[in-house]
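Same chain, two partners: chain A is paired with chain B first, then with chain C.
This part shows the complex of A and B:
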């Protein structure tokens, strides 16, 4: 490790500790906000791990998230709670692999459409199964507090950052950057592009499912319509792109201001939250193509410092 | 040293007096309310929830507010949109409690959002009197959230009463044996269809047609077509607002007129009557009220004047009643201290006078007297079956779309 890496690790560890201690120094209000932020930070960061280098826009977050909540809904009475996010992650990864095998040979827009449809498809399948089995609405009544959910999310977040860092240094990460720049070149270099993409797509799938499993106790009543709400997928995409996907810390730089702004808008002009989503999207396209990360890099280039 | 002690003592005394003064000066109760103003349930909430909440606040203030101890306190309403999103419902409750520092909160709209907000209400120590949560989990929920109260009733009982109504009608000789049973394919529809099917079969009814359709299905012609082809005597649909309208529409188009036509949620909405006019005479639906009770009529009149629309004939009154209960509990406890008010509510001996009639809560924080089935009769949706309520009207046979 270089000294620079060691320095970064120390900074990351300090920030992580600061986040983890939020329940100690923050008010309950900030804990609730923090839980929402942690949820989006984990989702957006894992989303960017795949979509950043490959430029495939995935709208499947809601599908994986919903699957995760249902894993908890079905299993929380018979299994210890710590096992549920793991099981959810496993199912999420398998689902992502299946979807990836089918769609990642397709290019850009087909993939987007398919992932958008996936959440709806899974929702309908779940509903159909419930209908066939005469299954009832699910109540997840546990003693898990918001503080514990927050800590689980922070822990998962740390894991995602570590994984992102490792992937960035690995052959897989390198291969994906080449694919993102030019897939034909990547193929000619002998990279198994389909396999590389599928392998990495499993990461956001597993993470989103685990997040869903962790958050289910917060929702208490689980029904397909709310578990698979498509808005979640769009929020994650917007936040990640706003922050920028070029660096590991990019998405969280989008999540924090966006969540705060969303909260302000909700308080001041409750009917305009969707407008915020639209404006943020326009802003990304026209003004901030690389998100805050891109802006930061541009400013650094212009005003000295390293390129 | 002595001087410093005296100074500190004086400062403490000043602070104490200050805080007393502040408490004494407060003559308003802050009431927080978060419910859908956007999102899938915004339509239902603007019919059922918001007008009832605003009306109660307005009327209470016009009457001079609540008598809390020896003080007359008016109510100030703080409103938020939860976007029909459980995440936002939780955040809104948290925000109202810690940022706006509201004294009390109105329970949200719909079963799902109420349950999502329940832990945060419990954790913050706010009484939560729900007017729009229907569930069967009252015992488990009340055990986990002792601050949560239920006014609207139990789902399973509503399914049972609907099936029982058919049994009674057949005994009277008004109904044949053949039933078409359909449901929206989600937790609510599946559960209700399951319960009513069991009772109907037990009583020797023949289920001649049975199907379900996904939530949000636009074209329900095949469902009505199927029920008509099966020559059903009774049509029972465990439906949501969108499909309630679509099914009725199709039944009119195809002139499918069995002896019993039942659609579930939203049949009691004023919009249902506006849309179909006199044609719905005899249609059965979920819920109901005692439409002849002067208390309800007065409420409906005031609702009309304030919101420009009639209340629905079911949960509007329950939402309003939930606030009446809260107000009476605050007056009864004689303080705005939430713990004391909660204690008052938890005392099962207390009874509350509401537009639904008297309400009290059992050991599961559950109101045991509520309406289950209603019927459109002479342009009014009257309760035809209830648990322990007065004013039940005799059910009529459906005699076709006029």
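This part shows the complex of A and C:
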């Protein structure tokens, strides 16, 4: 390890400790906001692990998340709670692998389209199964507090960052960067491009499902329409892109301001959230193509000297 | 028989919508995910004409289609052409256009919710039944189907037999080589995009005669149009029509025989089969 890496590790550990202590010094309001931010930070960072290097825009987050909440909904009475996120992550990874095997052999457009409707499709099937068996929604009544959910999310976030750091150093991460730059070159180098993409896509799938499982107690009542709300996928995409996917710390730089802005807008003008989402997308494409990370790099190049 | 005919009627309208998107994607190379919102806007316009002015939706098309043409032309020129100019590769343009049109899609939904409210819209136009093969169908569905066939047929004739149509097809086949034979790619792309938007808005006006629409339903239609295009093959009119009819029939069959809530799942099943067995489209040739 270089000194630079050691320094970064110490900074990361200090920030993590600061985050983990939020329930101690923050008010209940900030704990709620912190939980939402932690949720989006985990989702957006894991999203960027796959979509950043490959440029494949995944809109499947809501589908995995919904599956995770249903794992908790179905299993919380018979299984210990700590096992549920693990089971959800396993199911999420398998689901992601299946989706990936079908679509990632082909060009990126197929993948976007397939994931675009995935949450809605799963919702229809789950609703249908529930109608057949006579169930409607489910109550998830547990003794899990907001504080514990928050800590679980921070822990998962630390894991995601560690994983992202490891992938970035691994052969897989290197292969993915080549695929993202030029897939034909990657194939000629002997990289099994489809396999590499499927393997990496399993990460956001597993993480999103685990997050869903952890957050289920917060909702208390789960039904397909709320668990599989497609909006979540778009929020994650927008936050990750706003922050920038070029660096590991990029997505969280988008999550914090966007969550605060979203909170203000939902309180002031609840009907205008979609308009905000649309404008944010347009801003990213036309004004901030690399997100805040891209802006930061450009400013540093202009004023800092160091590339 | 009832399922086949209902599916065919539905598929005809789907075909028109998918043709619009196919023009935009096949010629202008813009994966327009705001397409469904254009459809809903067309439907809202028809609704508004009918309820506020007692204007027949079929007559309303005379206004709706040209307005949609102009709006889409401006959208392409102002919003999308800069992306085409700056894109380094086809892949980069695809990512940019997907994100930009997502933005437009949400912005349109936001504006339409603000202007019309979040409620459902439908109106009763030609809701009387008509008998075909001893089962009855709503007249409005039949009228929509006939109009879709007429407009789609006219579009096909225009693309096949006119000089401008030939230009669009040239750009669709190879945008890099088209300028060599004197085709203005920019103008042709803008024309195709505008025309595609007009066709989609027309499809929306037709759909509004028998579907209940609301401001946020657009994305479902976008999904279906995309699935149809992939099934039929990009830039392939014949494939689009066949795929649309297959989708219409499959959806109707699932809705009648299993559960009306599963229509998208039915579309997905078709999509999955296409991706697994014929990713180049029904009539497409396998690429090396």
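A few points about this structure:
Everything below uses one rule, namely that the second predicted complex is superposed on the first by the 305 of 307 C-alpha atoms of A that agree within 3 Å, B and C clash if a C-alpha of one lies under 4 Å from a C-alpha of the other, contacts with A are read in each partner's own complex, and residues count from 1 in each chain.
The working rule: a contact is a pair of C-beta atoms (placed from the backbone, for glycine too) under 8 Å apart; a residue touches a chain by one contact, two chains touch by 3 or more.
Predicted model only: the values in this text are computed from it and were never measured.
Contacts of A:112 after superposition on the shared chain: chain C is touched, whereas chain B is not.
Contacts of A:218 after superposition: chain B is touched, whereas chain C is not reached. Applying the stated contact rule after C-alpha superposition, one finds that A:10 touches neither chain B nor chain C. Of the two partner chains placed by the overlay, neither chain B nor chain C lies in contact with A:264. Applying the stated contact rule after C-alpha superposition, one finds that A:128 touches each of chain B and chain C. In the superposition on chain A, A:98 makes contact with neither chain B nor chain C.
Applying the stated contact rule after C-alpha superposition, one finds that A:274 touches each of chain B and chain C. Judged by the document's definition of touching, chain A residues 124, 127-128, 131, 271, 273-274 lie at the interface with chain B and also at the interface with chain C. Of all the residues in chain A, the ones that touch chain B in their complex are 27-29, 32-33, 36, 124, 127-128, 130-131, 134-139, 141, 145-146, 218-221, 223-226, 229, 231, 263, 266-267, 270-271, 273-274.
Those residues of chain A that touch chain C in the complex are listed here as 55, 57, 102-103, 105-106, 108-110, 112-114, 116-117, 120-121, 124-125, 127-128, 131, 230, 234, 241, 271-282, 284-286.
Interface residues of chain C, counted against chain A in their complex, comprise 31, 33, 82-83, 91-92, 94-96, 98-100, 102-111, 113-114, 118, 216, 219-220, 223, 226-227, 230, 258-259, 261-265, 267-268, 271-272, 275-276, 279. Note for the complex: chain B touches chain A at residues 37-38, 40, 79-81, 83, 85-88, 90-92, 94-95, 97-99, 111-112, 115-116, 118-120, 123-124, 135, 137, 140-141, 144, 185-188, 190-191, 194, 212, 214-215.
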